[in-house]
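Below is one structure, written out as structure tokens; comments come after it.
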Amino acid sequence: MGIFWKKLKLTQSNLNAIEACGGEIMKISELIQESDWKSEKHVPVVECPDSVKADKFFEVTVAIGKEVAHPNTTAHHICWISLYFLPEGEKFPCQIGKFAFNSHGASVKGPDTSTVYTHHKVTAWMKTSKPGTIIAVSLCNIHGLWQYSKQIKVD
Amino acid sequence: MGIFWKKLKLTQSNLNAIEACGGEIMKISELIQESDWKSEKHVPVVECPDSVKADKFFEVTVAIGKEVAHPNTTAHHICWISLYFLPEGEKFPCQIGKFAFNSHGASVKGPDTSTVYTHHKVTAWMKTSKPGTIIAVSLCNIHGLWQYSKQIKVD
Amino acid sequence: MGIFWKKLKLTQSNLNAIEACGGEIMKISELIQESDWKSEKHVPVVECPDSVKADKFFEVTVAIGKEVAHPNTTAHHICWISLYFLPEGEKFPCQIGKFAFNSHGASVKGPDTSTVYTHHKVTAWMKTSKPGTIIAVSLCNIHGLWQYSKQIKVD
Amino acid sequence: MGIFWKKLKLTQSNLNAIEACGGEIMKISELIQESDWKSEKHVPVVECPDSVKADKFFEVTVAIGKEVAHPNTTAHHICWISLYFLPEGEKFPCQIGKFAFNSHGASVKGPDTSTVYTHHKVTAWMKTSKPGTIIAVSLCNIHGLWQYSKQIKVD
């Protein structure tokens, strides 16, 4: 468990906090799911260069349903994708952006009548002088939170 | 003023409401600025096809500073771009999406020290079976709200 | 029309821009509706003190459906309220906040099955040393954008 | 470690995924911090009734800096609070709301010149027929993500 402990950055004090509550503390950390995008439609897959030039804007595209399509209806859809960047060696991530997908067919005639839909895909542009990890988090209105990470190097 | 009246869809009841307040009512409508993007850096220029196929997702790119660059610093930056679509002949617009640009260089070392910046440009995907107007609204943290419109046809 | 012209801060150059497009330019300004909250459920009514102390946080509550209730279902609901403040005599508003209401009953069992709903009401806290106008804008997912303004003085 | 394993809902497959990447996968789950609000200013403390009536809206107030004040300047501030609810026994949380605090003193005169600030506190209203856990997540623009949970019962 030593490797496990270290890789997940868990500390003794976290474990103490959990025990002190005498039971389950549901934390958002425990609820953010991950999986293999080749079989799981919910994964917010990040596509960007593996290596970028320092201080030059580059494209980051995030899409749900890369291999297996995800529904887009008034009752069932992806609400948003949030993008973070953790520079290597640093403690705190910064939020690159938050992209909310707001049209899912609703109109005065009822659900799925407007013909207007926002797709669960976005391209943003960012820059950094430090390598690090790009992390995407997304929300499905009925299947909760999902995450995906990709490391980038800087030339 | 007849043409003016009609083009801006103003009604007698709006004018009555203004007069009844006995003075200036500042409304958000009056505060959303517009201008020529070739000389004004704040305009959220929409780029997308002039004509799209019904019910097929197409790309919409919105960028500030298309001709004249806009600053991106901790003290002065573009906060977000919001995208709407008004189907032709309809009364109510739907919001396609809202894209918040959240990294502007802040870190524990102070303003403009992180090297991480989100550019004020986004590409989204939408579909519709009806022609209409795509409208972008953006917010500069010190220069307020700006808008831009582009009409699209459907094949 | 002189009074009308002045109250709405319209300029000759705006009118020229409209004419130059050769027809209707749909602008977001034209689409943000307003009405009497005593009979119209969509109005985002702002409640806060008429006069506040300089540089001291005060409460601002904004609610839709103050007199006439507004539905809250998966198919029909209020998406968000956005709050702005325009200091008196200044040109640019700042955005106080944006409050998105995200739970409207959706679950894996279908629309209106989760029992979890977010009400279209929010209380925020702000401060200012200058009098001015607080402006609320809200979005109904099928009936579009609505606005309301309230002026505040500073002791 | 058995208790630890179960309380954190970790699975063998998560551990395999980590090992397969041959090193550190930075995940957002690992970056969302928590602490004791009596000494840590960043904690988004949730205040609401311990027990609520089924299907009746109740108030939820979330505030940062409950005991130790948090700065609110153009360079250093709280960006937003996001609220989730996980009904007891269910797998997926729903997002109650997202409240962005957008004014931190910026104006054309520079940082901390507008006198207009949004406080990092919000009151929202929600309802549920099921007991569960309310979870708040917040973002400091330089100190990253923080979380707090509170369980509620239903009469």
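A, B, C and D label the chains in the order they appear, each numbered from 1.
The rule is simple: a residue touches a chain if its C-beta (ideal position, glycine included) is under 8 Å from a C-beta of that chain, and two chains touch if they have at least 3 such contacts.
Treat the numbers as computed from the prediction; the structure is a model and nothing was measured.
Visitor: Could you pull out the chain whose C-alpha mean position is farthest off from that of subunit B?
Guide: D
Visitor: When the centre of a chain is set as the mean of its C-alpha atoms, what distance in Å lies between subunit C and subunit D?
Guide: 26
Visitor: So the centre of each chain is just the mean of its C-alpha atoms; given that, what is the distance between subunit A and subunit D in Å?
Guide: Here subunit A and subunit D have centroids separated by 16 Å.
Visitor: What residues in subunit B touch two or more of the other chains?
Guide: Residues 79, 92, 94-95, 100, 102, 106-108, 141-143 of subunit B touch two or more partner chains.
Visitor: Please categorise the chain-chain contact pattern as a line, ring, star, complete graph or other.
Guide: complete
Visitor: Under the stated contact criterion, what part of subunit B meets subunit D in this complex?
Guide: Where subunit B meets subunit D, its residues are 74-76, 79, 100, 102, 106-108, 110-111, 141-143.
Visitor: Would you tell me which residues of subunit A are touching subunit D in their complex?
Guide: Of all residues in subunit A, those touching subunit D are 1, 3-4, 7-9, 14-15, 17-19, 24-32, 34, 79, 84, 86, 91-95, 133, 135, 137, 139-145, 147, 149, 151.
Visitor: Using the touch definition up top, name the residues of subunit B that touch subunit A in the complex.
Guide: 54-55, 57, 61, 85, 87, 92, 94-103, 106-108, 114-119, 121-130
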